[in-house]
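In the two complexes below, chain A is the common chain; its partner is chain B in one and chain C in the other.
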Partner chain A sequence: MPMYGDLGNKLALHAKRTQNLVHLPPYQAELVRAVTREVRDLDKEVAKLLEPFQGSFDPAADQATACTLLVDHLSMRRNKRCLLAYHRTRTDKLEEHVWNGVDVLDLAAQQAGNPNGGGVGAGDGGVASSLSPQEEDYVRQYGDLLAAYKGQWTDIDLTGSLEPPRDLFIDVRVLKDAGEIQTEYGAINLTKNSQFYVRQGDVERLIAQGYLQKLG
Partner chain B sequence: MDIDDILREVDPTFHAIPQEKQDLQDLTRAWIAERSAPELLPWPADGLFERINGNIKAQIEKVEEMTGDMDPRTNFALIVIQTELERYKYLVRSYLRARIAKIDRHTLHYLSTDNLRSRLSEMELAYATRHQALLHNHYLSSFLSSFPPQLQNLNDAAGINMVEAPDLDAAVFIRLLKDIFVEGRGVDSDVTMDGRESDIVILRWSDAKPLVEAGSAELV
Partner chain C sequence: MSYYDVDAILTDAEKIPCTFQLEIPDLGYLDNTPTQPLKAGTKVNLPLWLAEMLVIANTGAADNKTFVTFDLPRALANDVVQALKADPRAVPLRDQSAHFYGLATHMLDLSEEQELGSVLRKTFVTRASEISLHARKVGSVSHKGKGKGEGAAEMGSNLGVGSAGEDFLRGLDEWERSLFRKAHEGAKAGKEWIENIKKN
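Let's turn to the complex of A and B:
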């Protein structure tokens, strides 16, 4: 019989692993459900243990029961912390993607459709998206929240580069066709493998999204 | 030289640093401090950011005006102004992001008391409140709603407090702005020293904070 907290421990390990990955590994729906079930079972056991005492339980008089209750109690809290840590690690990752302008939902769909395609997180070859439906909702809502906050600093571009700017103009190489962009020096047509000398502020988003590569 | 010029020369406010320059200096200070301090520092209350936004807007307009001009000299000035503008914007962005990162990390902590809440700007407060609500909702819909009701809180204080707070004992570097007596708590023993102006010392933030708040030292 598995020990209390074994499942929670697995979740914590998943969370730990996730921290070092670029992409999110698939959501452990089964494990989350199992840990939650364990909490409910423990809670029922506590209720059952306490039932005969009718609310007048004296720990000193029945130390064995008191000990069981304490273990149950601690296991429940521990499971809860593991669940919170697991979900928080994932939302942190998702928020990071949102800040970087990565379309997480699109990415998840791509990984799902192409399990062998480069994505570290797709290693398990899962067919479903690596995000839980709740996480997909969360990403959408957080995206809206960030857009609202950003909207109050329109001149700053909050999601812009956090590298101190050195040069106004930079050399970039086009990695993927990005179509035509408008700059104050006219339109530039970004076709793959071409190279341009452009104003950094004009192309920052495209660099972040992987269309362009900064040279030098 | 007429009488106005003479009067202007003896007027102490005339030689004072212009407001824009002062604002940039304040912003740079706030930026350095925010990035070094382990906890969130109070949002500048004197309308600094309204002025900064105004300055940025004015410069952007200037750039747009000058772009039409084909004179090479204007062109050179334009590049200087644009570079400066990018740097200014970077400072603001980096400052705001440093704050958001701290707020995100300890959201519940900063929302827990009025005193802590007052350190956030209105926008940050709205952002933090909404973010926390989103997270809580996410936990609820993912697993928390199937928990027994008494376990659904996010701020259980029994045993270990669930709300994490920043480590106020983390080490920071400060530069002394005047001669002052410095006290620091160590692991084994406490240290005191007679600090001189422009000395740089490493201290626990909890020890350095009173000095910084009194204006006797600044974070570096």
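Let's turn to the complex of A and C:
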């Protein structure tokens, strides 16, 4: 027999699994909805239980009702904690991606095309993404914040690699078309499968974003 | 322990045996009989997040009764404690509960089992040293190609632990597992760093 909080526990298990994954699994829209619905039902029940007392409920006089109210309250509190922890686990992951320069929205769209990634979230509202619309918004705004923060220092890249480079120039291969970029030595047109000898500092971002592959 | 800690949340889902002290008409569903009242004296397994507060909360009546009383869960039953006293390393804690220590800590908060606390402390210390030993050994397996004489010796000692070691590692609870992971990563990172220094 299912009990209050069981669904919330499922969310916690999803969060646990998410922690150990590199990519974000599909958003559990259906489950989240079910847990919030449960909270609403519990709230209605509390209101119904309290109605006859007209705001003058005495726990000592009616212990059975007091206990039921406590159980309802604890169940709501539990669900809230599960919901918050689930979403926090995901936003932590998203923030990490943003800092690492991973194009999360692009990645999410790719993953949705993969049949193994298809979960409850994927079949939702036609938008094929493992992120909820709110999460996509969050990523976008967090990215803007980070860019604004980084913009304060033009001579240092806060999200750059912490490894000191061994060579100033490196060989790179282009994995997907990235268009034309400007460097100190003129413009380079990055077309797929071509190879270049470039200054590492000029292309670090493109390597992190997966456009280029470092050779050697 | 943070509010958002997923492991803490999962620990709170562990169930403990409780006994209701009064009849409650609306809570029959906790005992699989939603249409009937929950009778006083009914034994129900409740998750910690629910049981904890019900055990502590005062009914507000003059006799100072609580809504429910609880017993120690199966994972902390006497035979388990006796086995831990005999040899902490021989008990697969995971079979008792995936969050064995978390569950035990909660129970110690709620009850006054003095002996249990000291048994558990000894259990953790004994097992922790065993865990760190295994964590280092696992690391050496992947490096067996390097340094001929040394590698062979390490492999030899690794064989010594053998399947008994595997059984032990399978019996770790979540907390011990994270300890193992950290010890393993620490040893590995240390080794990598030293090798890097040598290279440059």
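Points worth noting:
Heads up, the rule we're going with is that the second predicted complex is superposed on the first by the 149 of 216 C-alpha atoms of A that agree within 3 Å, B and C clash if a C-alpha of one lies under 4 Å from a C-alpha of the other, contacts with A are read in each partner's own complex, and residues count from 1 in each chain.
One rule holds in what follows: a contact is a pair of C-beta atoms (placed from the backbone, for glycine too) under 8 Å apart; a residue touches a chain by one contact, two chains touch by 3 or more.
Note that the coordinates shown come from a computational prediction; the quantities given were computed from them, not determined experimentally.
Using the contact criterion defined above for the overlaid structures, shared-chain residue A:84 touches chain B and also reaches chain C.
Which of chain B and chain C touches more residues of chain A: that partner is B. With both structures placed on the common chain, the touch criterion links A:187 to neither chain B nor chain C. Comparing the two interfaces of chain A, the one with chain B and the one with chain C have residues 74, 81, 84, 88 in common. Interface residues of chain C, counted against chain A in their complex, comprise 3-7, 9-10, 12-13, 22-27, 29-30, 32, 34, 47, 49-50, 53-54, 57, 59-62, 67. Taken in their complex, chain A has these residues touching chain B: 32, 35-36, 39-40, 43, 74, 76-77, 80-81, 83-84, 87-88, 91, 95, 132, 134-135, 137-138, 141-142, 145, 148-149, 152-153, 155-158, 160-162, 164-165, 167-168, 184, 199-201.
By the touch criterion stated above, chain B contacts chain A in their complex at residues 53, 56-57, 60, 67, 79, 82-83, 86-87, 89-90, 92-94, 96-97, 100, 104, 123, 126-127, 130-131, 134-135, 138-139, 141-144, 146-148, 151, 154, 156, 159, 162. Interface residues of chain A facing chain C in the complex, by the touch rule stated above, are 1, 3, 5, 9, 12-13, 15-16, 19, 49, 58-60, 63-68, 70-71, 74-75, 78, 81-82, 84-85, 88-89.
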